[in-house]
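In what follows, chain A forms one complex with chain B and a second complex with chain C.
== the complex of A and B ==
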């Protein structure tokens, strides 16, 4: 059926409006990072300017800790993503293939835990983490981020693995395959799309997360969002150029990652929506 | 080779030293950890004055590790660390408004340290600042940096409109009216602008009539003459279009930007903002912004030379649960010596010693040095510390905005502040 005339006219207009609405802040951020500082918030606004790398030079010279924090962000993000994907793929497989009351109860418990506001858990955890001498380590952030994404990602992986016909596994069993071989040669390759989708959520969350990093890190494991928050909170005036340069640098890895995996995200989110 | 008594004694001595080394090491850590806002690190280690901790580090063989956080985050972290059995933080920077009872009892009292290893010429540190960190006669913090309010005006706009720099608050009010106009290109210039989301600059304005929000003896003074005049004036300015229509959403960063772009002619803000208002790399009005003490009302000229504006300050404190308190005190003492106070000032710090303002280097660096000193001699904190200070400030801002925007009369709004804030004060 052909769309009506108003629909055909309105659709591209809406598309452009949404694209501008979503894309303009990013465009403004990146453009501003190449403007001379006095032109960034100039009035009237200056749309034409000679690009400069001064803000990036200032970022390197005045905020060297930002790049150390980026390294920390990368370690924590990759660590949390890998750990989450491994744990949730295995959990998703069990939830998909095994039926028991205990498992049903544990699935419910996971959902409940996900609903608890993080701040409720983090503050009482502070003295415990401190006592265990885990404060200001990457491992504490990796474990916390993983913990908060295990429930959601387990359900994503379960939905994905549900779509893999059991008959393939049964055929493998007849051919003599054990559990590990089934996982390695059947489940993992066929659920790779779901793993990528699941990893996207934890990757983005871990890269941008502030609260846990703020509470549990000091210097060694300090992540990039904490340094950016310091730039915003300057008591002697915000250096907008440096701030925009840092935000642009911080944006690049996540942008590249999301663009690379976006089609899997859609597939992951719609997994299980059609049966049969 | 035979082993005689001398050799034997030498071996025993070396062995004993080897055994004792770990124990000695415990007394002297590799580093002392300072938790602060980044600005404290910048002014302590800047290029112009140099690193004020370097000589101390060299002399003691102990390094200094800075942990920097944003203001809110810094205090939140510090308060959590103070409640642990032991903390790795040796020195912390604390804003004066956060020095409430529940916090100070977790800090190291300084009186014994002062007696054993005193700060050089402590009387030179402005008495008001020291008094604000003295509780029940005991000193808990050594002031390091202050932010005092000044009056900033754009000389170019004043010249353009033929207005002389105001000397009294009454002249400033009249000037604000004359400096509000629309340029040929349609750009509106606002005669006067202050932060609309905070309470501090309104207190500054009230101080022109010696007014207050909450007095140092914990009396809510919003219905007294000084604050009423300030709030009524802001309401009138808003009605007349001297304040912008989005005033209630204006933050300090917008005030900076409007002054830097010539969209606001006059403002009340920290004296140190002069630097960024006149920075050619950031400001379109570099060189045009003058900074002086906030003018006092004609009626109070006999009492004050300048308005007793807001003075806020950061102090250095030592957690009671810190591990190396004597060493930390020695570093605190070093950082506020007269010599290091000047060095930090040259790095951009607001110095807490009166003598620093008299130095030639300081006068060269800060064109408003004398004005700032004048403020420090009469200024006082905008709010005394108490546990509910943040809640009280929120109430004040809420009612202030209602009054300025015309949703309530200034009288009703300030009476409401008094009614709502009084129960929050220490009894």
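== the complex of A and C ==
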């Protein structure tokens, strides 16, 4: 079948519009981070200018805490991702291989609990975390981020482990393998894709999260998005350049990551939401 | 040690985290919502007074209306765009990998950075979008002073930020639809619109509903965008439920009132998700897994 003339003209236009809508704001941010202050405030905006690293130099000299915050972000993100993957691979295996009413009920409860808005639980957790002297620590954020993703990720891991044929395990049992060996030599390697898919979500979330970091950290454990949000508040018309530089530094690694793992993101979303 | 016990042990960390960090605190919030309490103060039972206060507070209703309007606009515009984009992308496209990478790029962006970007783009006398509006002879979006301009900005930002999620769910569902269905419909003379209307939409409906439910639940939590753009101001004009809760908890130290708002939010979320939850319950506890 041949497309009609209007379709042949309209389709490319649609693709261009979609690409501009999604990509331009990011492109513009990154581009502006290399602009001298004069050009940032130029109106209408300039697309041709002499690129400079001044904004990045200013970021390094004036906002040393931003780089400490990046370190915090990295610690929290890696911590939450590792904890989530370990906990949900173990649980995913059980939910995939074992049938029982207790497990079915707990699986349903997991979905219900997932519905609670994060801000609601900050109310009781705030005094408890203070009491335990855990306020402003990485551990609090790691545990919170992990908890909000164990439900989805157990689901994703179950979906992936479901696809590993039981016959392999049965053969291993006949050869005398125990549960630990089955997990180590069969499930671990064969569900690696699922682990990547599951870990991408918690990884991206932890790197970018704002609410919990805002409520539960004050100085030592502040993450990069939080420091950037403070820079927004500090903007008095001249600081855009530094802000763009910080935003670019925070954004580029995770952007490269998302694009690199896009096929896992798609696989994980499908497993986590539709097959559920 | 029996096998069963080991299995329970393996599933335990996930369950313990969920119960200790979300489940029990949520129940405790219910208890708190029936008490008058502040930091370091002995809670005093007040029945449903906190709920009464919240439900008769005009600021609550303003926050509710703001949330309701923004969430509905965001969810339906986003889903509509996502369905159209999924259809367009499934009909073949140039530079497939590059285009998908660009489309999902906002998924990598933190709410904080999205605010930075859009704030700048719509900054009066500076931003490129303001420039476009000006060149078209349109007034700039007065989101710092006008309630609905601010809510428009919040909606715009949310749609931009979350479109990749909806798109990916619908796109992967769309490319899973059988090709021969479309081919035979085309040989029978069905137009592109007919194919969209009578094949794509009905067959995508389950995925659309799941995406719709998830987007409702997540959009409802809206906090950072509003907090960072307007802080709920001017004069509490642009508050949403989450910022209203935050103000009462962490500014006014009224934990009882904040808890009542919190439980109202939990109930609203459960209501939104009730259809999905019922379907899940049936499949997991009564039907086959």
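Some notes on this structure:
What we mean here is this: the second predicted complex is superposed on the first by the 250 of 276 C-alpha atoms of A that agree within 3 Å, B and C clash if a C-alpha of one lies under 4 Å from a C-alpha of the other, contacts with A are read in each partner's own complex, and residues count from 1 in each chain.
One rule holds in what follows: contacts are C-beta pairs under 8 Å (C-beta built on N, C-alpha and C of every residue); 3 or more make two chains touch, one makes a residue touch a chain.
Every value quoted in this text rests on a predicted model; they were computed, and no experiment measured them.
Placing chain B and chain C on a common chain A by superposition gives a clash between them.
Applying the stated contact rule after C-alpha superposition, one finds that A:232 touches each of chain B and chain C.
Within the superposed three-chain model, A:108 lies in touch with chain C and out of touch with chain B [touch as defined at top].
By the touch criterion stated above, A:120 is placed in contact with chain C alone, chain B being left untouched. In the superposed model, A:218 makes contact with chain B only, not with chain C. Comparing chain B with chain C, more residues of chain A are touched by C. Of the two partner chains placed by superposition, only chain B is touched by A:38; chain C is not.
Within the superposed three-chain model, A:19 lies in touch with chain C and out of touch with chain B [touch as defined at top]. Of the two partner chains, neither chain B nor chain C is touched by A:50. Using the contact criterion defined above for the overlaid structures, shared-chain residue A:61 touches neither chain B nor chain C, since it reaches no partner.
Chain A residues 41, 43-44, 123, 126-127, 214-215, 226, 229, 232 lie at the interface with chain B in one structure and with chain C in the other.
Considering their complex, residues 1, 7, 11-12, 14-15, 18-19, 21-23, 25-26, 28-29, 32, 40-41, 43-45, 86-88, 90-91, 93-95, 98-99, 101, 103-113, 115-127, 143-144, 146-148, 150-151, 154, 179, 204, 207-211, 214-215, 225-226, 228-229, 232, 240, 243-244, 247, 250-251, 254-255, 257-259, 262, 265-266, 269-270, 273-274, 276 of chain A touch chain C.
Residues 36-38, 41-44, 123, 126-127, 130, 214-215, 218-219, 226, 229-230, 232-238 of chain A are the ones touching chain B in the complex.
On chain B, the positions that touch chain A within their shared complex are 37-39, 65, 67-73, 77, 80, 83-84, 147, 185, 187, 253, 256-257, 260-263, 272-273, 275-276, 280-284, 348. Of all residues in chain C, those touching chain A in their complex are 3-4, 6-8, 10-11, 13-15, 17-19, 21-23, 25-26, 28-29, 32, 39, 85, 88, 91, 93-94, 99-121, 125-128, 130-131, 135, 160, 163-165, 168-169, 171-173, 186, 192, 206-207, 210-211, 214, 217, 220-221, 223-224, 227-228, 242, 245-246, 249-250, 255, 258-259, 262-263, 265-266, 269-270, 273, 277, 280-281, 284-285, 289.
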